[in-house]
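Common to both upcoming complexes is chain A, partnered first by chain B, then by chain C.
After this line comes the complex of A and B, so read on.
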């Protein structure tokens, strides 16, 4: 049963990634693109966790944790770049 | 255990050790400096003295220190008659030069430097004459070129000195390069790089097909060093050096190295027609040419330089004859030339020192003003002329005797005649040296008032003159030394007796002809000189400079075409070259059968692939908008990290994620100061061509990857997997490879990383000082911006994140040896955690809380890693061998401690320091652009308002 659930989840997040890609390609604004990337990061975290559950190993959780921890840093940096120009003032 | 032979390496190393001293001792004064320079020389001389009796009896001392036996390279030394003679000359004259230079150099010259260079050079020369391994000899040979470069260019303020030094280095360096080729051929023919083996295999070498190339290459080395025609031109230009250098390098040592080499290789290479025609002819031409030019030089040192060229030609010619008698004459003349020529150079130096000019046309009549100098100069010059009762006469007589009996291309008299002509000019310029400098009436227009120098300055040449006269009057004194060296050259027993009077024979008649002719020539000098000045003649320096300029221009052209500053060109050259090599390998080799079946495509994987491809294409499409390209690059990084996770490479995934973040930050920092759009610079055709190259390379790489992944092949992975736990004590093979199997590589890499960090910092520093800094200060960055510099939300979030991120970093670091992670990732995580603070609260606030300099972190990292590596020496194991053990610290469960962890700590610190230093360096740019900083952690702090309100209420 869990396999079906995982595959369903894979499908959902995959679809989410495709939508993110659409937004990323089309824009139109810079904020749209940054947000698309940020959402992509979230979706990737989910995919990694799902993959770990599917394979029955905990090794990948750390990777997802690290993505979660540092993924937002680049988003913040992109935003600061737009808002203030210089990211370290 | 201790034998006499073990003194040899000590003798060879002494000058190098001694070279460290003068630079320090100069603080104690000039005399102390000179004395300390003399100590290693004297010590080496004494050691050599203890070995001398043995060598005279025919013993050959050998000492070998194994170095790189796989390459046939060992530090082996040997001392035979020839080596002893040269080593004695090098050290003996070195001592005299040390004394002379003490009084010659003025107070403004950095004397410590001079003596350091002198000892370096002395050590290199000693190495050449003592080496028993031709590879070692080559190393010392190059060292003489380098150290003589420093000595010739010692007066850095003189353009002639610098140019002369450069020319000497170019010519002798090029010759050295040729010689390396020749020596390697020789070593291959014989099958050993040991000089003793090579000398014993003379017949084998001469019979080999490779004899001709080896001979020519080695002779190129010897001829350039010994200033033989047509490479003679560098020697006169090297006269821009201080006189002690000229006296040492150009009379006794460096230029004799080529002669020494020919003498050393005599048993192996001499005795063929080819040897005779090349060596003897070049020697003869050089001898005559040098003598002729010397007569017309007005600069005292130039006269002596060309006379040296001529005498070196004489020696080369004698060695070229290939007979034992000629070898005896050559060895004898080496000794004699050393004594009179060094004395003459020193005399010229004294004249220059006291009269402030070396121009013969401005001198004359010095005999009355400086009688001691005049006596010394006259004695030495008479010897150079070959006047009886001086030592030059004896060896010149031997030379003429040999020359008279040589048939050159079926012509029995040409060599003798030309040798006489050379001697004739030699007599003329020697007498000119005496009469035009010391003779004649006293003048009243010297640039300075000449008088005899202090004892210290004339002691050395006077000492040499004692030998000139002593050997000249009693030649049997020199006989044992000459026999010893000549036997070492020829490898045969020799018996001969030196006499002053041989009766009336051809050589004597030739000598008389030369002296008479020389006197006549000098009488006619004034008229001949006018003719000489009027006559057109090739100027070697102009030709050389033109040649160098041509080569440089040519190379500039090639470099300019390959690297014209645009990265697209670099990449195109690089990628096309790789493609060509790859295609050639593909066409030339054979590909095995496909052995692996394709695996089914798992779910989601095609999606990741699609995202990657689309994002990459989008980067190409949007690359002119730099910010958009950066965002897209973020997607690519994310997908690659995902790919690493999916393909079971969690270590790589962790690294990729952190590197990605740091890279984005770096690029954004830089982008702030760069144009946000890339202008269109290339034409459509160019872009089309570039696209074709890119697609071809991409297809090739994809094909290669496909071919690899569908075939089984052996790699080193199995070894690593099998030995990781047992040998390195870790189950994370990636980490064990980094810190143990390939620890040495990692050590090198962290050093490179550290250097890169420091270099970026330093470049920024110099960048800001230059025009870029001025542009930066004048640029206008006041765009429409958010008013909230340091938002409250972000400050609070990053503060909360800091301890968590650090915890994660420590966790990843600690378990790195057995599970994915390690110092590298931990370093990146730490730097990201710190960078968050910089972004949130600004540069000034964060910097004030920073206790450690990032430079220091890099240093600590490298030192810790290095010390860990050194630590394994104490356990008697090679550098960076890791050891590990399991310990229990209650209440923690069993815990593994490995030295690899210390090493990893070094990696961690180095990565942290380097990354932070790079970002720190970049973010300082903004301060230069006139941006202000704030001391507060955030723009608006509500707690301040609350506190203020509370205080108000209390009141």
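After this line comes the complex of A and C, so read on.
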């Protein structure tokens, strides 16, 4: 029963990634593209944690933690680059 | 059995939340509206997955860990910050400054106007300069 629920969540987040990809390709402004990339990072974190549940190990939490940190820093850096013209003043 | 039902419930609900968040990203009309869906619904979805993972590892595998709490805290702390930055980027790139409402203060929006001059705090250099001047 948990296996079917995990497969359902896999399908939901995979479909969500495809929708983010559509917005990333289509998005009219840079803010939309940054938003799509940030949402893709969050969906990938969910997919990594789901894979960890499926395999029954706690090994993948470090990977998801790293993806979360890199995603946050990259989003903030891109926004600051657009707002200020450089990243580190 | 009850443990399986609870974990499956969290997984299904979090999957639906994630799907709603990503669907809102393509469904809503404006960038400011689109900002709402992923930053709230998807964050709750990831939180549900992490709660399910914590329950699974604690109750089925019997190895409790605090990594999920750390990831949840990190995501819930950083989601408002990224949303704030993206809203700033959108206003800076797309919104005409004449359409923005007045700020009811002496100075305008900080995105477009320079911040007001503060009274300079007395530093060592200025103190030395005044001493030399006297």
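To be clear about the criterion, the second predicted complex is superposed on the first by the 89 of 89 C-alpha atoms of A that agree within 3 Å, B and C clash if a C-alpha of one lies under 4 Å from a C-alpha of the other, contacts with A are read in each partner's own complex, and residues count from 1 in each chain.
Note that a residue touches a chain if its C-beta (ideal position, glycine included) is under 8 Å from a C-beta of that chain, and two chains touch if they have at least 3 such contacts.
All of these numbers come straight from a predicted model, not from anything done at the bench.
After overlaying the two complexes on the shared chain, residue contacts for A:69 are found with chain B and with chain C alike.
Residue contacts after overlaying the shared chain place A:37 against chain B, while chain C stays out of touching range. Touch criterion met: A:19 reaches chain C, while chain B stays clear of it. Using the contact criterion defined above for the overlaid structures, shared-chain residue A:59 touches chain B, although it does not reach chain C. When the two complexes are overlaid on their common chain A, residue A:1 makes contact with chain C while staying clear of chain B. Within the superposed three-chain model, A:83 lies in touch with chain B and with chain C [touch as defined at top]. Touch criterion met: A:51 reaches chain B, while chain C stays clear of it. Overlap of the chain B and chain C interfaces on chain A comprises residues 11, 13, 17, 30, 34, 62, 65, 69, 76, 80, 83. Within the complex, the chain A residues that touch chain C are 1-2, 4-6, 8-9, 11-13, 15-17, 19-20, 22-23, 28-32, 34-36, 38-39, 42-43, 45-46, 49-50, 52-53, 56, 58, 61-62, 64-65, 68-69, 72, 75-76, 79-80, 82-83. Taken in their complex, chain B has these residues touching chain A: 603-604, 607, 610-611, 614-615, 618, 627-628, 630-632, 634-635, 638, 641-642, 645-646, 650, 653-654, 657-658, 660-661, 664-665, 668-669, 671-672, 781, 783, 785-786, 788-790, 794, 801, 804-805, 808, 812, 819-820, 829, 832, 835-836, 838-839, 842-843, 919, 923, 926, 931, 933-934.
Of all the residues in chain C, the ones that touch chain A in their complex are 4-5, 7-9, 11-12, 14-16, 18-19, 21-23, 25-26, 31, 34-35, 38, 42-43, 45-46, 49-50, 52-53, 56-57, 60-61, 63, 65, 67-68, 70-71, 74-75, 78, 81-82, 85-90, 92-94, 111.
By the touch criterion given at the top, residues 7, 10-11, 13-14, 17-18, 21, 24-25, 30, 33-34, 37, 40-41, 44, 47-48, 51, 59-60, 62-63, 65-67, 69-71, 73-74, 76-78, 80-81, 83-89 of chain A touch chain B in their complex.
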